[in-house]
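Next, two complexes with chain A in common: one pairs it with chain B, the other with chain C.
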Partner chain A sequence: MNHLAPLAVAVPIIAAGVLAATASVASRRLADIVAVLTAAASTTLCAILLAHSGHHQVVYWFGGWQPRSGIAVGIAFAVDPLGAGLATFAGLIVCVALVFSWRHLETISHVYHALMLVFLAGMVGFCLTGDLFNLFVFFELLSTAAYALVGYKIDQRAPLEGSLNFAITNSLGAIMVLFGISLLYGRTGALNMAQIGHSLAQQPADGLVVAAFTLLVAGFFIKAAVVPFHFWLADAYSVAPTPVCAVLSAVMSELGLYAVVRIWWSCFHGAFGDHEDALRAILVVAGTITALIPAVLCFAQTHLKRMLAYATVSYIGLFLIGVGLLTHDALGGTAVYLVADGFVKASLFVCVGIIQHRRASVDEYRLHGRGRDMPFTGAMFAIGGLALASLPPFGTFLGKSLVEDAAVKEGYGWVIVVFILASAITGAAVLRSAGRVFLGLGPEGESEPAFEVDEETETETGDDEGRRRTPFVMFLPVIALLAGGLAMGLIPRLPQAALRGAAALQDQAAYVAAVLHGAAGSVPHLPAPPPPTGLDYLYGALSSVGALVLAAAALFRERLPALVPRPVANGAGAAVRAVRELNSGRVGDYVAWIVAGVTVFGAAFSLTLL
Partner chain B sequence: MSFLPYAVAAWLFGVGIYGVATSRNLIHLVVCLTVVQSGTYILLLAIGYVGAGKAPIFADIPLNSKVVDPVVQTLTLTDVVVEATVVALLLALAMQAEKRFGTLDPDELGVMRS
Partner chain C sequence: MSRRARLWLLAPALAGTMALVVWGFTGLADFGHFQGAYGNLLAKVAVPERKATDIVVSTTFDYRGFDTLGEEMILFTAVLGLVVLLRELRGEQEEEEEAHDDQEGHAGREHRTSDALRIFGFGMVGPTVVLGVYIVTHGTLTPGGGFQGGVVLATALLVVYLAGRYAAMRKVSPLPLLEAGEATGAMAYGLIGLGGLIIAGMYMKNFIDPGTKGSLLSGGFIPLLNIAVGLEVAGAFSLAFQEFLDQTILLRGDGGSE
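Here is the complex of A and B:
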């Protein structure tokens, strides 16, 4: 059984190599089929691992280098339910994105498929590994594939620049991670995460451990796009080919948070466990800022992909609050929330891809009323918007309720307001564009496009004939993704399983015993969390109705009596413009923000963790 | 083990990031990124250094000799490979910028706003 773990990574890498090597002889359709089948195979392997890790930790030592008397020399995959679950989810989204690419990207070569498979292999390895340096290598592998995919349409300015900003900031993040790993290796002489955690817990923590923690967390926060490390994300996600956007937005950003969870519970918890309250406060505050500011920017956007990019950042903030609460019920709830939201966001990106395919534009004002003859896409887009605003019974509602209940238990009841605001505002942005594009509501307006991308070149269908109707193979992914988001809220024993997985991830002693001493270990039995209460439904209704009201207010601004005094409205407008201008598109500015962010986090950690 | 290699690693990290933040030329910027990365090489090798240790190749030295840590050397090697990939990709992007848009200045390339 354990031997399946490396196969989940090896299969897509080998297939990618074969696809790249046979690019000149194999047909496009063959590449499509091989890529989807490979991704499906990897997903199946991850799902099998997920099923088995539900009973005990699955540990695989490469080359048979088992630890001797509790000292690890080799490299291990250590699979627990949350890691395997995230890997399975990544595989599913890549499958769907590859299916959507069949018709959406007509002029791509086999290199695209190969890159997608390498990207998948990197993400799966990242989720399964139990070795810190191995984690870094998979981090770089998935990032490099992602840089190349974002810049796939390299003949245009915007993708080139988006890819450059993405690559430079994320490479800096990777270097910081490596600095942190080096310091930890210098202190503990170990690279295995269980070994590092065991060793750090034996000695008092000092400045060096805090420095290593800061560098690792900041590096992964750059990938996760936590404010103020988030600037690259909007640039990259708004220019990547739409199927790639779906993967980036649904899985890749979230992997940064997964890494922070993994290193905290496996490596640092033993050393800093006494200061949990301080860390909780820091992470919840960082999450709140990351949830709210990008939500406003999301609402201010008319470029549909850029709007969804800011929604992604906003949700990263909510997930950061969830994992930052540092309890198993909050982490389990976040896992449900993250997967459900990933399905919904991917479905929204796919809807945007369909609009782009038919109308060759992704700007809300330019598309005004031009989606009237696409009722099905419009309905799906609007449902996705409501799901983003956590409408019951979608999985986003269930996950949000679980995290909110956990927050109340920890005395952080006020974050419920943040959850409602962020989900209502991002949902409202989607609903407003749905109203404008598919129903032609609201006055026509002039957009101030952030940048011009020649949309024609992304979907080269050739003639207008192909654009008159949407191929069924493009609808299929939307239906599948929305169904996934709905299923996350309806599968009866899912919350309990997620909570058990979270408890297993947080049990450092059991992790060390399983990895270093080969103990079978068992996943703890926990009671099922209580189903959502009336209060939870009220919060869900508040965010869903709030989203509708806000969207309507934005669409019919002219007809509203002036509820807000003019000076206040002008002031707010100026503030939003000022925040928008921070995202200057200049990579030098972004790097300066990264330095500032690392300094702030470093100062906060050294003041509270020592 | 002296303090010096750690200071050099920290200096390379700081000065490289300064270079990346202020660069007006993409090739220069990529080179600055490799300077930051060089900091990790120095740090890794410094961590694994053992005073008067030999290279960890046991072909021609007795098995009980004092050697430097071979693990950090493999890490550095892996790091070099990984970085070569990223730098190659970044330089390819920079070349495209020069070829298609006639500029290497990241600010002039700038089309992304807000």
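Here is the complex of A and C:
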């Protein structure tokens, strides 16, 4: 049964090769079918692995090279529930994106399908591997596919620039990761994560370990888009084709955080474990900044895709707080939150794709009232906005409650305010656009010229008839994604399973025993977490109602009595504009911020972890 | 940010990052004193176990063969990305090609290529191909293998371009063929890995007898993997050369004005 692990990666890779090799003979429809079926097969394999890893760690040595007396000879997949769960989720989102692409995107030959399958293979391998260098290989593989997919609409200028900024900043991240790996190899002589962790724990940590940790964390934070490494994200996500946006926003950014979790618990926990409190404080502060500033920028946006891009960064901040608390209940809660939010954000992107298909614009002001005859899309978009604001019983509410309860236990009760603010503000941005586009609420306005977008579409329309109706294959993904977000909050034993998976990931001794010595380490038994309490529902209500109120206030600004004195309002507006202008689109600026971020994190780690 | 502001941000940050990296380097073993358990183990067991005299190749294609599958796919994906990002100009290219063919006939490249270069260049094509094939197939014995040999094979195409005409290069390497070759090479690596699962019960397991040390077919399936990679790399680089040449010669018209 373990053989499913390599197949989950090999099947999409081989299929991508077949699609590219037969590009000149096979038809577009055939490519669509092959791609969807392949992604579904890989997803199924990951789901079976997920079920198995719930009992014990699944370890697979490629080529049959078992470790010899504690030294890894080959490359292993070491599959635990959280990794397998994230891989399954990636597969699901890619399936949905491919179905949405059915009518979407004029593709050239089958390169689009091949790239999507390679992207999936990279993400799955990234989640399953137990080897640090192999992690880097899959990091590069999924990034390369993503660069090409972001720049796909080459007939416009913005996608090429977004893709270029994406490629330069993320390649910088890959170089940092590679440097970190080589430092660790120089110290431990190992590439297997369990072996590195075992070896690092034998001796006191020094500058080399801190430098390696900083470089690895910073490299993965670029992918995750933690402030100040985040600037590339809005440029890239706002120009990518919609199905690609859904995958990037729902899964790819989150993989950066998964990698940080993985290397901390598998490699560095033994070396730095005594200073856990310091790391917790650093990560929670970084998460708070990443959650709040982009949330405000999200609210200040009228370009719908750019708005959702900032919402993605804001949520990365919330997840960083969740994983940064460094306990199993916070990590398990974050896993639930991340998947539920991924479903919701993907559904919002797909709704924007439908609007773009029907109305050839993604600007809130230009679309003012032009969505009145699209009630279904409007309803789904608004529900998605409420789910983003963690309305019970969506999975976002459940995940947020679990993380908040865990934060209180660690003495970080104040982060609840951050969670409520970030989810209310991002939800409000979506609800405001929904009101303006689908109900025609609020005054008409002008979008700022700098942020106007080309009116071009990315879809196959055929004729005007195509614009009047939304094809069924476009609705289907929205319903499926929102149902997924809802299901994450309703599946009865899910929180318990997530917490057990988190505890398994954090048990370094059991990980080393399972990977290097073939022990059949069992996943610990934990009681189910208590269901959300009245207080949790109050927090959920606060963020959902807060989102509604904020959206209404933005729409009916003129009719409101001046609650805020004009100078204060003007000052706040100027501050938001100043922060927004930092996102200049110039990659040199972004690189400067990245280097500054490495220095700040490096200084914080060296001062506290030794 | 203004240029000045960016420098003010970058300079201290760069200094801090450099300090961190240098601090990390001071923790490395002194020159000649590195004792990595992994490397030492492979150095000891690789030749007896795999019969391949090039330990680098038996490491990258057998012990860590799965990494190489990923790396091969990175090149494959990068070239697919190139095809995507440069494709806009393909449509225009077909129209302009005819026009350029006429021009080239009169005032084009032929006049600017000296006889010496043409004779020497065409004479180089054969040896270049032979050398490339040699490096691909002898990866198990001497330094080399599919990646290195594949690049050498792709340069044969550039020699044709240098010695002759752009059109001649296009004739000997039609794009669909290169695309298919590249994809087949990438796919073949994954399929050979699958062969390990089916025949020997483990993905990427070497399912062919390693043979005797020093013979051409030693190393089990390693020569097969090298050929797959050689095909992929040769196709990928040829495709990349062509895409870039298409951009400069056909679309910007630089070919005629240089």
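Following the convention adopted for this analysis, the second predicted complex is superposed on the first by the 597 of 610 C-alpha atoms of A that agree within 3 Å, B and C clash if a C-alpha of one lies under 4 Å from a C-alpha of the other, contacts with A are read in each partner's own complex, and residues count from 1 in each chain.
In this text, a residue touches a chain if its C-beta (ideal position, glycine included) is under 8 Å from a C-beta of that chain, and two chains touch if they have at least 3 such contacts.
Please read these numbers as outputs of a predicted model, since none were measured by experiment.
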Where does A:606 make contact in the superposed view: on chain B (first), on chain C (second), on both, or on neither? second
Could you tell me if A:152 is touching chain B, chain C, both of them or neither one (first, second, both, neither)? second
Can A:172 be said to touch chain B (first), chain C (second), both, or neither? first
Quick one: classify A:585 as touching chain B (first), chain C (second), both or neither. first
For A:410, select first, second, both or neither according to whether it touches chain B, chain C, the two together, or no partner. neither
Which of the two partners, first being chain B and second being chain C, lies in contact with A:114: first, second, both, or neither? second
Which chain makes contact with more of the residues of chain A, chain B or else chain C? C
Return first, second, both or neither, reflecting whether A:206 touches chain B, chain C, both chains, or no partner chain. second
Once the structures are superposed on A, label A:276 by its partner contacts, choosing first (chain B), second (chain C), both or neither. neither
Chain C-contacting residues of chain A that also contact chain B: 133, 137, 140, 144, 147-148, 151, 154-155, 160, 163, 179, 183, 185-186, 191, 584, 586, 588, 591-592, 595
Could you pull out which chain B residues touch chain A in their complex? 13, 17, 20-23, 26, 29, 33, 36-37, 39-40, 43-44, 47, 71-72, 75, 78-79, 82, 85-86, 89-90, 93-94, 96-97, 100-101, 106-107, 109-114
Of all residues in chain A, those that touch chain C in their complex: 3, 6-7, 10, 13-14, 16-24, 60-65, 68, 71-75, 108, 111-112, 114-115, 118, 121-122, 125, 131, 133-134, 137-138, 140-141, 144-145, 147-148, 151-152, 154-155, 160, 163, 179, 183, 185-191, 206-212, 214-215, 582, 584, 586, 588-589, 591-593, 595-596, 598-599, 602-603, 606
Seen from chain A, its contact residues with chain B in the complex are 133, 137, 140, 143-144, 147-148, 151, 154-155, 157-158, 160-165, 167-168, 171-172, 174-175, 178-179, 182-183, 185-186, 191, 234-235, 297, 450-452, 577, 580-581, 583-588, 591-592, 595
Please give the residue numbers of chain C that touch chain A in the complex, ascending. 1, 6, 9-10, 12-17, 20-21, 23-29, 34-42, 62-67, 69-71, 73-74, 76-78, 80-81, 83-88, 176, 179-180, 182-184, 186-188, 190-191, 193-194, 196-197, 200-206
